[in-house]
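The same subunit A turns up in both complexes below, where it pairs with subunit B and then with subunit C.
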Partner chain A sequence: MSNWVEVCATGEIDEEDVIRFDHDGKTFAVYRSPDDRFFATDGLCTHEKVHLADGLVMDDIIECPKHNGRFSYMTGEAKGAPVCVDLKTYPVKVEDGSVFISLG
Partner chain B sequence: MDKTATKRDYSLLGRDAQAAVDSGLAAAEWYHTDIPRKQMKELMKREDGPAIRDTLIWLGSMVITGALGAYFWGSWWCVPFFLIYGVMYGSASDSRWHECGHGTAFKTRWMNDAVYQIACFMIMRNPVTWRWSHTRHHTDTVIVGRDPEIAVMRPPDLFRLVLNFFGLLDASYAMIDMVRNAAGIISAAEKTFIPEQEQPRVIRVARIWVLIYAATVAMAIYLGSLLPLMLIGLPRLYGAWHHVLTGLLQHGGLADNVIDHRLNSRSVYMNPFSRFVYWNMNYHVEHHMFPMVPYHALPQLHDMIKHDLPAPNKSMFEGYREMIPAFLWQLKNEDYFLKRELPPTAKPYREEFHAEPIAAE
Partner chain C sequence: MTQIVIIGAGECGARAAFALREKGFAGKIMFIGAEDHLPYERPPLSKDALLQGHAPKLVSEAERYEAAGITVLTGISAESIDPAAKVVRLSDGRSQPYDQLLLTTGARPRPFPGLSGACQRIRTLRTHGDAVAIRAALQPGRHLAIIGGGFIGLELAAAARKLGARVTLVEGLPRILSRGVPEELAAVVAERHKAEGVEIHCGAKIRSLQEDSEGVSVLFEDDSTLDADLIVVGIGAIPNVELARDAGLAIDNGIAVDTHLRTSAPDIFAAGDCCSFPLAHYAGRRLRLEAWRNAQEQGQLAAANLLGAGEAITAVPWFWSDQYDLTLQIAGIADGAAQTVRREVADGAFILFHLDAGGRLIAASGIGPGNTVARDIRLAEMMIAAGIHPDPAALAAPAIKLKTLLAA
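Right after this comes the complex of A and B.
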């Protein structure tokens, strides 16, 4: 059974941007793509545990602010050095103008 | 000054490496000046235009000066052309390697990667090894035993510094590393920062480079002339001076084992030629604090956060005037360092993390 958790109103995330969302002792990154879709991943880079929400969103890529490691935030795939381990992604839905992520 | 200086162990596998991990200095959380997200996004924005323009000037000037140097080879007229060619090959490649390694120079990925490979070859830095070494340099900037890119260790080896203005030691070590890697050997120190799955790529690149240098040497022997080596390889020596001149200022004489780039990095105002060759890395505190900001946006970043940073040196000359005496003091006491003064508008240093026994007043 899915555990949907409300993150924020859709308007709180700019297009092609990311915000940090902390819940139950864990940190997540929630993205809005240039084509107005929402995605969520673990909040910390798999390389050195830096908050991805301080990074740069370009198309479908989130770039870590510390070492410029790049992931697809849509699939979690690590796109090359210095990141080698994929990010965990989470299902997202939008209802009544709010963004929800499923935490299992 | 009567305290006994702490002997530093710069080995990545040594006593200080373990001490840095134990004390929390390794992979620590560093100080950042607050910048609103909207402004930060603007600063981080990628563009192709500035780097395409600069790359055309860079490689174009090399084609022209290299051709004229070759044309006038055998007469003194070749000297000015090789002087420029050398700086573009042996120094501008340093900043191109650096910026493209961060992936911030161009918006288009393949352009970053292409310039990165070319620059790595010129500066004689294995593109895989040095990507990882520079990653560590940003994680643990001037943390003894952790940072593999500390240019001036304490006590400073001034003879080595002078030799490196001509690339003599760096290039020699680079050649030894290249041959060792080409033979399939990854050193124990390299293994501390290059993940296992990346190590075969180190070897592959080294083997390609050995073939290029072997072909260049063969051509020089066949022609009975140094000219092929004046164009490939030797410019790393005779053109190295500018990247050493600017690079030493990055961290030289400043604090080590601190987690605030305002204390261990130096920003310096420079002339336009040096800024072109160095790709604005004279804004070095700013670069370390926000490595996502492309080189062309660093002057803007500097204007935005200078209220929170030590005043930059007004010129390279001023930088050297404070740095060289600091090196000389460090010969007597390696705990000595220059403490950067903050303006009244800045957030203070967190002294509990940065206590050092002897600092310049």
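Right after this comes the complex of A and C.
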């Protein structure tokens, strides 16, 4: 059974941008892609636990603000040094102008 | 089978070794380092490692080298290179032939002038062993004297304060961070250190450093002295060029490489802290860059070019420093800036944009808590690489997203 949690209104995330979302002691990063789709991953870089929401979104890539580790925020795939562990991703849906993520 | 030998087991060499495999190289890779550890990340040594005293953070675990078929020799140094015979002589007596050679020999701390012999309480900070020894001496109430107000000295000062030590930092120039950091940012750093209880003395003229059974002292030219329990000297680094120089390779403030990281000898490349290279975006001016990201990027570029890619260096210099909760980031080279524009960011953070006489963005430097300036500095770096001439008024306006200027 899915546990959908409301993140924010869609308008609170710019296109090709990311926000931080904290819930139940965990931190997430929620993205809006240039083609206006929403995605969610764990909030911390797998390299040194830095908040990815301070990083830069370029196309389908989130780049860690500290050491430039890159991930696809759509698949969670680590794109090479210094990151080698993928990010966990979460299902996202948009309903009534709000973004929800599924925390399983 | 083709054999590539990499000398110098740090971040740069490790990146190169793995990148060779990622790019499909199927021959032998031999990776040789003088330290006893597998390559580890050096940036934490003046920060977290010092505070927490944990084991070195490896660039990659041993199993990954094994899985990639990379032979790593630790605790072994290269003693000479014969470029004509294409052989490296190692400290264990063996002669190691190569088809291609990559030098990632790094740099070592610049010693204090006139200081001789091995001092126990006058130290430098470069290796994990150095960090362990310094941490052991930094108990609450102990007095640490730091010589040099650069990144190493300042990061160490912040870590030492957190460990409860008393800290005095001595800088010979009129201000801290005079190499590469604008005065406005350096002032923020200095103020923060003072607020945390670090005593900073700039413009100091040191006559000598002394160690005896009682402790250590800094002797100044005005005959005053500063007594301490430990002195750490952080006055810059010297590139490890001896191996290359003795083999007849061209040296120019580092092992001189061309835009493809080739040295003056056939089939020998160099990358990272040990080399000086022609800098893109700044009229090919030659630079040696002692920075973590440069080590990574040049390691990967060297791997590509060892395999014949012929890719030129295009990276914009970038580095950071963490002190307390402050992070400073700089992209580009601000020398020769004709105009500086300040942009306020959240939480007291700010960024300075440096433009040349023609209005081209040549550098950006920012400081703030945590990663507040990171995204904009990264965008500035992309603007520098793209050769953009941004509107100074737009740079100064926090409401205007930098991304829109990049696209313009």
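Note that in this section the second predicted complex is superposed on the first by the 104 of 104 C-alpha atoms of A that agree within 3 Å, B and C clash if a C-alpha of one lies under 4 Å from a C-alpha of the other, contacts with A are read in each partner's own complex, and residues count from 1 in each chain.
Operating definition for what follows: a contact is a pair of C-beta atoms (placed from the backbone, for glycine too) under 8 Å apart; a residue touches a chain by one contact, two chains touch by 3 or more.
Small disclaimer: the values here were computed from a predicted structure and weren't measured.
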{"item": "Which superposed partner A:G55 touches (first subunit B, second subunit C, both, neither)", "value": "both"}
{"item": "First, second, both or neither for A:R70, with subunit B first and subunit C second", "value": "first"}
{"item": "Subunit B versus subunit C as contact partner of A:R20, first or second or both or neither", "value": "neither"}
{"item": "Overlap of the subunit B and subunit C footprints on subunit A, listed as residue numbers", "value": "54-56, 63, 65-68, 81-82, 84"}
{"item": "Residues of subunit B that touch subunit A when the two form their complex", "value": "27, 40-41, 44-46, 102-104, 107, 128, 131-132, 135, 138-139, 195, 197-198, 290-292"}
{"item": "Interfacial residue positions of subunit A with respect to subunit B in the complex", "value": "17, 47-49, 54-56, 58, 63, 65-68, 70, 81-82, 84"}
{"item": "Of subunit C, residues touching subunit A in the complex", "value": "15, 18-19, 22, 59-60, 292-293, 296, 300, 320, 370-372, 374-375, 378-379, 403"}
{"item": "Subunit C-facing residues of subunit A, complex", "value": "16, 50-51, 54-56, 63, 65-68, 80-82, 84"}
